[in-house]
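Note that the chains take the letters A, B, C and D in the order they are written out, and that residue 1 is the start of every chain.
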């Protein structure tokens, strides 16, 4: 695994836990953890149970006893590592967004396509697809429960930038983060909307906004990246990414979508919300309430219609039978466990895991189209 | 109408509004308002549109141009007025609880039975039965939607006595109010539970509790009753009624119920909540959200089961077609309008309106059994 | 009152009820009801308590004993009636949207400005401002409870057009309705967002969409308008208005807004939802739950922060003290009662009621800018 | 660890995960798993990562390299194992209920008290105390946020016995399970109510009910216990435990409580709900929504009062800083991880972990008092 921030903890937990609850055809081993700083990397490896450490990701790729490279670094570094790993015949699991630019993402998707011919697998980490409730939502749509989809509403609302004096971390710097909420939050909303509806966005009209243009310089980000400036002096630097992204999208087959991603949504901590309106029903999901899915059956008798709050913890729901009895909640990290399971199973079965790097590229192209539209007074812009 | 407190406003509104939204077979006229204090009664009559006033309810009974007596005074006065009115051949609508004691209630029920032989009608005002959601709940149970009922949970929670220095009004004096939460709140819970399930309580085990035993003396209650003591001096008098009632009940056919009524439930303003658990489904209602009814269909496919939040505002729902388009909320007072409509229709049709005085008596007998049980260490006590 | 559809019922109820619960300085009298069809008008007048009827609104304007003209007809007729009434010195209450075009609305606003010089008042009926929860929201924002407003999310979702075979009524014909969801639903969202935040929209980027382009011809709309075609034959005619409106808006002072209005939002019956995100707090309102307002206090201790679900039924909340004790719900129609009260009080006090025709015109200009933007690939378009 | 049913999975996960997220002073090692059936035990050990297996718990106690005995077997076996382990100087973590009878529990508490003198620790597994939301609730009460506690409402509702043909497993046999919902569910409600309020129950009035008296015989329970009868023939055997427990309780200092435990609450999957009403505020928790705690601050300005839905996922909330960023949900199993952490820390620190066996005994005494009361027509019965 390359990287050891917050995502590293989630992935490590997934690798360790997946084989304990699912009968995996192959057993993951936590062989090597790679980080820039030797001391911090060693501490993380010790805590999370990685056998060895390195400060050079190339070492991981060079080793014969390593079959899978798991990339959890910031987006700017994804392309180089992933392409090299795939070319070396390693299976790759790469955190989202696939890359900071569509160009990089395209190189990665190309490398994945080439590798696939050799039985090498690549997957991008949109874990929110892999919650029981979201997978159940996809299954309901695919099974016709909402009829023909007409509208999608998707928002991903957080509030950790509400304070105008929150520090200027790497996530707020365009060179490192690529974008702000667009790549961080809107990417999830786009992937989930496309996954659940089974339709892809074809054009968008968007707006990007930086509501707090400067923030106090921070010596170091929580992820260890050293930033410029003189922290503690009150000096402020420019925020070079978007705080809010608003866009409208058209999907294939006339589906209409509205999207918002914000880090300024006071009081909303992790509200990835998605609502699908169809000719025969509707679905509503909120990540802050991730064990539930609301379903409206427009074919039910009129006097009984309403949104049904399904607690998606029955053994017959996706992934659930491996866990606890009905009514026992799962949490955020379980999506990562399911991702590890599905990835390992795909490798063992010799099939392409989903979402592929091509899927990740397509999401990146949607985000790029939003940026392009935002730069042209929100004019409708086709997705590449 | 005899009485003009808060209930008087609700009933006046009902008489005036019912014929505007429903096609009534007879037209209510607001002829005479009766109250103890001439000035206050005149003010109320003017505000609510009553043509004349009186300080003696016997005048109302003596007049030939008055067909209906509507009693909205405190419970201690119900029996005398209602019996006299029925004997004089007036139809009677009487606020709940029917009386402060089962003895008085029995006299009223007897008078109503005698009057019925002469085509004179009597009804007790459990208006919460007449909300679209509660009537819908009854219909669903009666139609088999929850199968055989097994359990009922009913609470009626308010918090207006949380402050230990809230004044000692007539509602907290046993002689005037009869009881505390028992007659005021638990009566509603009992009636609603019996109405919706179609089963009657046969025995109870109960506890009554006064959590704040003394309160500051008040010169006058909001309803005008002069209370003893020296208000403003900080002098306190004893609370002689219950703040909290907790009881377990057995209904006919083995249904098990739990009940709570409290004026000490901090933060709960008007939470009359009822949940019915049956062999094939469940229902959940909360008066603080009175336009909604939650329904669980245990016969639905397992992966789609959950509580369905039905917005009971469709034209096909009870009472709703007379009002607004789907999705437009009704409020507290609409139950009174529906009561007025149903009462007028029963009079015109020559049928017995429901709940009858006999029904009101039976609720009173349940409450008396709770009191009796509470006085005997909560031992199970049959309902008379 | 001119017109007697669903809005006529709401306004009639308001005129009758307002003086019973509020101490009004002037007493409304229901003098004359005007409608196209004599029989239907007479029936409505009888039901709702209007003394006389007419088939010509000019009669109302000509009569000396009529001081107020209440216009509840479809939008296409507003301008002519309102301008004539104002010129005749009648106070005018006009349903929203003020008119079907900004041009008509401008004429009305001009007439209102001229009339105001003579002490004649004009108000447009955005009643959702006048619910306790929405007025409370405005008061909280005005009092600084959310700090500086940054974002607004407003949707107005209904689902009565989900069925592609729902009939082609006048509301779906551009000539009569002016627009679809834009004037009917988005108008409310825009007014409420501006009212609560105290900021006005200055530019918009919008999309309008007709998801079901043809519908079965209907002989007659629910409002009595005869439509062309051969109903019952299955013949379909074109829907000439929008089913869905999506737009992004910039308000004064950098506030960013997102808006959706839809009649295709399966399962949503009357979901006018508004969320305000500010530097110190947030507010969230949903018309389907109109007795509640959610408030997030970002200045509270971190461990206690969360959305507080305020039941806006305390005597200290706006309008509530006139009604029932704490915890007793109000409904949809109470907004109309409050509107009648406020309008009468403004007339008596000789002050300008709000929202004025100028306010109604400004909302119309926002909607026109949305239409214009939608016609130009959603390019950002200034509000006139 | 002795036992390997569903609880065994939860405990194994806890031992493996706790040291990865918390900095523990001692490192748990999964040494030996004990079960009746060698094959099943080996499979469980392999899946969950236990190094060795045995079919005799005495082996675990005899081994010098084992310091801790974790007991997750059915309640009937707890006492023998725990007492032997404590006498052998092993620290013991024992699942709840501590035992099937107060007599056994008393022996265990005595053994724990004797062992404590030698620095040996014993803890009973009420893990629901150790969710961030419940611990936060306790902290709020302890800090005075709700003032003086007056009332507690606690229910634990499940619905897995709604079907009258659900099989007769060991959990429904008095000899093995001790009781039905009383020990399984009510035990949690009692512990949580006492933990959060800081008050202990002193007397109770209770009712126990078996709503479905016979059920189809099953060859084998999910836990492997062979039951009598001829499964598959439709033959039914008697349910010898309670399906529903209803009781009222008095705590120290006049606090009044109501309790229900049911496996017949159609649609409720795991609804351990607790509400505390105090003089200055209230708290409400629901295990089906375990990341949230609702708090009502009665000291807030009246117009802003309401239940605040706190998402208990901030780094400043109990246990949370070890996990994910704000807004990322935890699940059921995290309570077990926190229990493992707290137990290990207590052992390392040489302090008594909580809840102790004495605490577990006291809960058992409450349950016994409920049973005794139920056997005496619900008469109020003191807790031993």
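Heads up, the rule we're going with is that a residue touches a chain if its C-beta (ideal position, glycine included) is under 8 Å from a C-beta of that chain, and two chains touch if they have at least 3 such contacts.
On a predicted model such as this, the values are computed, not experimentally measured, just so you know.
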item	value
Superposition rotation for chain A onto chain B, Cα-based, multiple of 5°	180
Farthest-lying chain, centroid of Cα atoms versus that of chain D	C
Higher-contact pair (C-beta pairs counted), A-D versus C-D	A-D
Chain centre separation in whole Å, for chain D relative to chain C (CA means)	54
Whole-Å gap separating chain B and chain D, where each centre is the average of the chain's CA atoms	41
Between chain A and chain D, centroid-to-centroid distance (C-alpha), Å	36
Residue numbers of chain C (touch at least two other chains)	268, 305-307, 311
Of all residues in chain B, those that touch chain A in their complex	136, 140, 145, 292, 294-295, 297, 302-311, 314, 316-317
For the chain D and chain B complex, residues of the former touching the latter	146, 150-151, 153, 155, 159, 162, 164, 205, 207, 209, 211, 244, 246, 248, 254, 256, 258, 260, 262, 264-268, 275, 277-282, 296, 298, 305-307, 377-380
List of chain C residues in touch with chain B within their complex	6, 9-10, 12-13, 16-17, 20-21, 47-49, 158, 160, 268-271, 287-291, 311, 313, 324-334
